[in-house]
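Next come two complexes, and both contain chain A; in the first it sits with chain B, in the second with chain C.
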Partner chain A sequence: MSESIVQYYPRSRTRAIKAFLGQFLGHGGARLGLLCLVFFVAVAAVPTFLVGPLQTAINATGDFLMPPSGEHLLGTDEVGRDVLNLVVHGARISLVIALLATVISLVVGTTIGMTAGYYGGRVDVWLMRLTDFFFVMPSFVLALVITPVVLEVMGRGGEILGFRPSLFVIIVVIGMTSWAFVARIVRSQTLSLKERTFIDRARVVGSSNSSIMVRHILPNLVPQIAANGALVVAGAIYVETSLSFLGLGDPLQPSWGTLLSLAQRAGAASAGAWWYLAAPGVCVLSVSLSFVLIGNALDDTFNPRRRVIP
Partner chain B sequence: MSGGGAGRHIGRILIRAIVTILMVAVLNFILFRVIPGDPAALLLGGARTSVTAEQMEAQRQNWGLDRPLFPDQMVDYLTATLQGDFGYSFKFRGRHVAELILERLPATVVLVGLAQFVAILCGVMLGLYAGWRRGGAIDHIVTGASLALYSTPSFWLGMLLVVTFSTALGWLPGYGAYSPGATIGSLDSLLDHLRHLALPVTAVALGLIGQYVVVARAAMSDVVTEDYMVTARAKGLTNGQMLVRHAFRNAMLPVVTLITLNLGYVVAGAITVEAVFAWPGIGGLTVEALNARDYPVLQGIFLLLGASIVVANLIADLAYGLLDPRVRQ
Partner chain C sequence: MPDTADILRLESLQVHFPIQRGLFDRVLGRPAGAVRAVDGIDLNIGRGEIVALVGESGSGKTTVGRVITKLAQPTGGRLLFEGRNMTAERGSSALRPYRHRVQMIFQDAYQALNPRHTVFDIVAEPLRSLRLVDNVTQLAERVSKALAAAGLNPAGDFFSRFPHELSGGQRQRVVIAGALAVKPELIIADEPVSMLDVSIRAQILQVLVDLRDKHNMALLFITHDLPLAWLIADRIAVLYLGKLVEIGSADEITFNPRHPYTVALRNATPQIGGNAGRAVLPALQGEVPSAARVPKGCRFHPRCPLTFDRCKKEEPPPIEVGPQHLSACWLAK
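Presenting the complex of A and B:
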């Protein structure tokens, strides 16, 4: 590896991006995942335009638990709401929860991992001990006990930043319990980056520690963060769906998991109402799988060791 | 390799495990103190049960709630927890949490144990085979299917199984662990129990198979590109000999570790599956506790899950040390 003379041409950056896109999109899985995600994001962007306002028991348009028909493409639920309407509105809630939780998790994980790796010594030991705890305990198990307590403290009324309190709590709890994986990867990457010459140069010109971390180390971490971020989203969707399924979601802003929970409580499975439980589940599966495929493709593209092996 | 190094390695692992369990208990302690209301009243079942003032005062002293939070109360809490005193349930009329959990534990152990067995048998074999024949038709099918299974919540698979095999076809029961009115202990009831187990076990196992295939395939893919495999081929070993003597054993190392580490996720996944099938295990208890906001029970379950995860990690760490001497250094 010769990195003594690296000249910077803006052109080589566009070429690098092109090369990256070429390699990334060369994965069939990545194309499929992206296509699927674009579809769901588009649906989540304009749910009211597509299927009208979210139906409730009051403005429900159909009969109880009707199978799919021309009028209700995905059938109706136990109070006569159109399942398509619920699923489309659920897309926005599920995606927003998963993405915001991921943002929190990436910010926390990157900060802790980078700080631990950069400063080393005692800071590293203590931060990594904390990370170990969150690495060992699954986010779902932690969220299962933290979420109801926090909800009890905050109350379930009102809205926070446009979310019902239970959703807000779920976002924060998932974000704060799923960062350990990211922190570990970022730390090990930081450990190798800080030994490179360009960091020494930055220090010689008098850059402060924080400026070195933000301006020189962070940009080099982006590939790892992106590849793992996609997997964190998939994990967040899983945790959110499971928590909501156990009844910690909010019926007034139903995510896909909440819909599955409602279907379970209404006895949809034993009533044979397959459409009611199939629709939200297929959505969870598709979105989660898309993120896994994209994450794998990113990992493949960025991981030079893997590139050698066909 | 000196014996002292191995001893220190085991010591470090043990300390880490103890610290993690302590952190779980401390988190429990903090969470319980954060809930609004008098902790004594909460511990005795909140406003939902009738408690006399004397009982309250006795418990207040018993738990040391008249003393400072830190360190006195915390030390007391940790000591009580160590002795298996997890407090009393709100919902189940003040019964001991430990007793409730122990009562529900066997059903979960049976469910998770059987599902693990099926998943390991199918998932690891399929994954190793896919990794061995990488790029083949079977590899593509198996990998695609397992990625899809990996992304599917297992409780949803359970709901689909109920709709298909229980409601539509009527082959298998989709609710509970026994048929109503069965006399437990007879051969008939055992068969009945197995029929009730079929769908939940399938649901949990299918979720796991996805993961195990992915892990086993990756492990095998790493192994087949190693130098010693080339050497083995150069020595003139047949495919079968290479697979059994070299590839299988080396690929199993990461697989065994991951299966052990995975235990926490398996139990957590089983919670939601149990909720679908009204399975009378820890998952069913979790759902009841969540709905009734029965915090002592929830925290007892959290402690149990935490402890089992830590023990699983401990076993994985120690086993890895035994299997791979490089780790001990």
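Presenting the complex of A and C:
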């Protein structure tokens, strides 16, 4: 390689970011997923502006279980609430739960996985035992244990940032049951990163273990964390739905999962009220699918070798 | 010229890597083996001295370098820096003064640079972590100076570049800049030019020689290339299967080698081969044995054209064959 030719390489970070975006958006799946997400995020941002305040049994505007009509685009539920109104307000709750749970999961999973992989030895053994324990623990069991603790800490009444404490129970439960997956991936990636020569160099030039982890290992984990983070969000939306079926949802702040379980309990399926089930169902499916598409596209962009599978 | 006080001493240095035993071996009670990567080395480096460590691939050169830079822990022997025993020192804060004075240059510069760091961050890292600067102005100044000393001019042009935007030679210069930024007294250079184009090698070597000439830095130059060692070093130490077989001044080792292995190494290089040596020997036979199965007696005996009975039973000690010239061969005397 001649040194004079090399002078003309692009050099700024912005170029690198542009190249990355170009490649990422080259995936049809990534574009579809992003489009769908932007739509839902926009809806979640201003629900009251779009459909008015959240309806309850008291301020319900329609008859019971009415099919979709000009007045109620997605029909009504068993107490006469407008399903469109519920679904739009549910978007905010569902997205907040999923994203916050993912943040918990990524922070805990990355910290534990990186520490285990980097230090190895007994630290690794014990942290991985803990990880395996959480990996096999079903989320509803954890929910049973965590619910009283979180409610005790946060108090039952009041709101935090506009959300009721019971939502935080769900967030913590989902976060605590999904980090183990992240920890395993991060650990295995850390194991291979720490053998790289640039870690040796970092040691020779005097960097401490914590600075090696933060400045050398973590930035190289970002692709893995981002790609898997998107999958964690998708999983969180599903887990939230299943936890709602167990009655963990908050009827005063219904998420899509809560709506599905309400619909099921109201006998929407047997009454032929398909709209009541379909509206939140389609939302859950499309948002989680969007995140899966984005996750796969990220994985692909960061990992050109994986492109064997179209 | 090098002065007499040693900056670094290795005393009977030994690095054995345990071999994982299978369940079968354990049940049968077979003893755990070891890879004897470094098997008892005595070596000293004077202030401002350039010592070359020469040996074939697998002879343990990198492992010696990793012990000196505290990346590997010896299983025996001592590492002394200015007379101070550094063998058991560990932890980044305890080692800070040592790191300030002993730096390393790596064989593969591409691997040695974090792909996500800019040249500035790479060269600034030692200055930051060893706390050698008080403010950003000082930092930028020292980074610039280091890059310029390593031959990257104008230094500012390189600050925001990433390693993949540099050529092989430029990358190695960045590694060198990082090492010399802290103004160390000893640099371990592990085959620093073996992965570079021939056209760039001379320039990189010049940078290293300048460090000694201008700043009196000592250098342990690790290489498999005897002529290169002669070119750059004051003294040469020849390593075979984890043990030094011969050590002496660069000229003595190159033109008057006394160990059959050194003779064979020299004969294998046409530039300096020929009849200048004490003996003309046939080319080396066979492969270097594995460091997991070091031959008994003289470890060179299965390949030595001059082997006799004693070689298979007793290991020869280093024998003085001239001023500052030692050879570990029964025929040396």
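Assorted remarks:
Quick note on the criterion: the second predicted complex is superposed on the first by the 267 of 310 C-alpha atoms of A that agree within 3 Å, B and C clash if a C-alpha of one lies under 4 Å from a C-alpha of the other, contacts with A are read in each partner's own complex, and residues count from 1 in each chain.
Convention: a contact is a pair of C-beta atoms (placed from the backbone, for glycine too) under 8 Å apart; a residue touches a chain by one contact, two chains touch by 3 or more.
All of these numbers come straight from a predicted model, not from anything done at the bench.
Judged by the touch definition given at the top, the superposed model places A:Thr14 against neither chain B nor chain C.
Using the contact criterion defined above for the overlaid structures, shared-chain residue A:Pro148 touches chain B, although it does not reach chain C.
Of the two partner chains, chain B is the only one that A:Ala278 touches; chain C does not reach it. Legend: residue contacts after superposition of the two complexes on their common chain; A:Asn59 is shown touching neither chain B nor chain C.
In the superposition on chain A, contact of A:Phe198 is made with chain C only, not with chain B.
Greater residue coverage of chain A by touch, when chain B is weighed against chain C, goes to B.
Residues 16, 19-20, 23-24, 27-28, 31-32, 34-36, 147-148, 150-153, 155-156, 159-160, 162-163, 166-168, 174-175, 221, 225, 264-265, 268-269, 271-272, 275-276, 286-287, 290-291, 293, 295, 298-299, 301-302, 305-306, 309-310, 313 of chain B are the ones touching chain A in the complex. Across the complex, chain B is touched by residues 29, 129, 132-133, 136-138, 140-141, 144-146, 148-150, 152-153, 234, 238, 241-242, 245-248, 260, 263-264, 268-274, 277-278, 281, 284-285, 288-289, 292-293, 309 of chain A.
Residues of chain C touching chain A in their complex: 66, 69-71, 92-93, 95-96, 99-100, 103-104, 106, 108, 111-117, 125-126, 129-130, 160-162, 165-170, 175, 178-179, 182, 197. Across the complex, chain A meets chain C through its residues 1-3, 6, 9-13, 16, 196-198, 200-209, 211, 215-216, 219-220.
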